[in-house]
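I've put the structures underneath this note.
What follows is a pair of complexes built around chain A, which joins chain B in one and chain C in the other.
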Partner chain A sequence: MAINSIFGISASGMSVEMTRVDVATRNIANSHATRGVDGKSYVPLKVVSTAIAAQNFQSQLAAFANGEIPGAAKIQEIVELNVAPRMVHEPGHPDADAQGNVAYPNVDLLTEMLTLTEASRVYEANVQAFNAAKSMAMRTLDIGGHK
Partner chain B sequence: MNIESLGSVTDVSPLKLETGGGLTSLEKSNSFVSILNQQLTETNSALMTSEAHLRRIAAGDSSNLHQAMIAMEEASIRLNLVVQIRNKLVDGYHEVLKMQL
Partner chain C sequence: MLDSTGSVTSDIVKLALDTSVLRQTVYASNIANTSSAGFKPSEVSFERQMEMLAKVLTTSDDSQQASLIAGARALFTSGAMITPSADEHVQLDKEVAGVAENYVHYQALITGYGKYLAQLRTAIGGGQ
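And now, the complex of A and B:
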């Protein structure tokens, strides 16, 4: 049923956008974390997503073999951004180094806010695409209806 | 007046009703009935999936709300399809009932 694969593709898009919101929220929440897990300080994260191949029969077959839907989006990985920490001079801080500088995660709030807005818009777009497919399916079932 | 023998009339071989190839043999292969049955099974499993999603949400796990919504919509479309097929069947049946004999 082709309509099901459209639903699956919409669902995968929603999953990716949810993850982007998740990661952006994590970045914002930890923007002042001077201590991270296992001694390292928090590093801003970024979602890398890829499309599942759907160009030819072979790639589609491979996608099905992996239990994926050809043409859908998937999260490749969540990477740590390669940015230097933001150094702030705070001599009294318990995590300050010898020079009195504290390393804060270099979270760009502007970028994170933009990611949040964009992700929620794209999520809405995915919902719209889903609704369009659904209403088309429902209209199809109206073919030959009496009233 | 010469009345001809009715022999030529009685020669007519009686109509033979074909007994083979009825519904019973149809049912075995890829008949409409088996397709409908398969469709019903799929619809049932779609409904079960959406129920499982609902259970998970009720238990407090709302991690994939959209999956649940999509599963419910899919189940509703499938159910609608089965209901439409049923309507068409009933329509056909009524049509046959109305037939003048």
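And now, the complex of A and C:
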């Protein structure tokens, strides 16, 4: 049993939650971006994460060979949300269409704020698990010590 | 009896420590995958652990004990100790509470084992 793999697992969880915060911040920051790099309005993004599954020894070996830690979390993909842009009638806007409507990114602030809060809570839980594993590893050094 | 340093106490403590580390790994994995879509939490089966220990402890035959411990060790590598949790989704509070409890358990094991080793030390020193 390697205690080291716990560090990797907790670190992967922290990294996934950090990306979630990054993406939510990006969505919030761009909630009024009417012009992206391709000339279209910004599309809100979402992080999809999965577990690196390996419950038996064989698949654990395979996962290790791929440089993955069994039981860790990883980012599957970052997808563009399939939502229609929010149309606002602003005829004077430089990005307005022929009808005078401007396509604003349909960023749901409530969802983004919830994602932010939830991600930081899960991040904290990962830190707790990491610290407990660290203390356990340190405690192992006490075996057989004079007490 | 402190008949040898390879006595059953050391083996059982090693098994228990390994179970504790495995449990910590499973908790860490559950927490890390809290927001993974479709992830079902796992747990280290307490029943399997008890079953395993009960068998080892009720035998006094040394060679049988050794094979039982080897059998228990095989449970780790095959992953049979890990069972799906009854919960559908990861419950953060439950997992973090488990982490804290497991940590205390691990500490208790190490302290207890330290006392056992201290006894050995006393015996070796002739009770001085």
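By definition in this document, the second predicted complex is superposed on the first by the 145 of 147 C-alpha atoms of A that agree within 3 Å, B and C clash if a C-alpha of one lies under 4 Å from a C-alpha of the other, contacts with A are read in each partner's own complex, and residues count from 1 in each chain.
Heads up, the rule we're going with is that a residue touches a chain if its C-beta (ideal position, glycine included) is under 8 Å from a C-beta of that chain, and two chains touch if they have at least 3 such contacts.
No experiment lies behind these values; they were computed from the predicted model shown.
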> chain A superposed: clash or fit between chain B and chain C?
Replying inline: fit
>> With both complexes overlaid on chain A, does A:S49 touch chain B (first), chain C (second), both or neither?
In response: second
>> Contacts for A:A73 in the overlay, against chain B (first) and chain C (second): which applies, first, second, both or neither?
In response: second
>> Between chain B and chain C, what opening angle does the Cα centre of chain A see in the overlaid model, nearest 10 degrees?
In response: 40
>> Which partner chains sit in contact with A:I3 here, chain B, chain C, both or neither? Use first/second/both/neither.
In response: both
>> As a test of reading the superposition: which chain, chain B or chain C, is in touch with more residues of chain A?
In response: C
>> Going by the contact rule set out at the top, does A:M18 touch chain B (first), chain C (second), both, or neither?
In response: first
> In the superposed arrangement, which partner chain does A:T34 touch: chain B (first), chain C (second), both, or neither?
Replying inline: neither
> Of the two partner chains, chain B (first) and chain C (second), which one does A:K134 touch, if any: first, second, both, or neither?
Replying inline: first
> Tell me, in angstrom, the smallest C-alpha to C-alpha distance between chain B and chain C in the overlaid model?
Replying inline: 9
> Residues on chain A in contact with chain B in one complex and with chain C in the other?
Replying inline: 3, 10, 14, 130, 144
>> Using the touch definition from the top, list the residues of chain B that touch chain A in their complex.
In response: 64, 66-67, 70, 73-74, 77, 80-81, 84, 88
>> So in the complex, the part of chain A that touches chain B is made up of which residues?
In response: 3-4, 7, 10-11, 14-15, 18, 130, 134, 137-138, 141, 144
>> Under the stated contact criterion, what part of chain A meets chain C in this complex?
In response: 1-3, 5-6, 9-10, 12-14, 16-17, 20, 48-51, 55-57, 60, 71-73, 118-119, 121-122, 125-126, 128-130, 132-133, 135-136, 139-140, 142-145, 147
>> Applying the document's contact rule, which stretches of chain C touch chain A when the two form their complex?
In response: 17-18, 20-22, 24-29, 31-39, 42, 76-79, 82, 92, 95-96, 99-100, 102-103, 106-107, 110-111, 113-114, 117-118
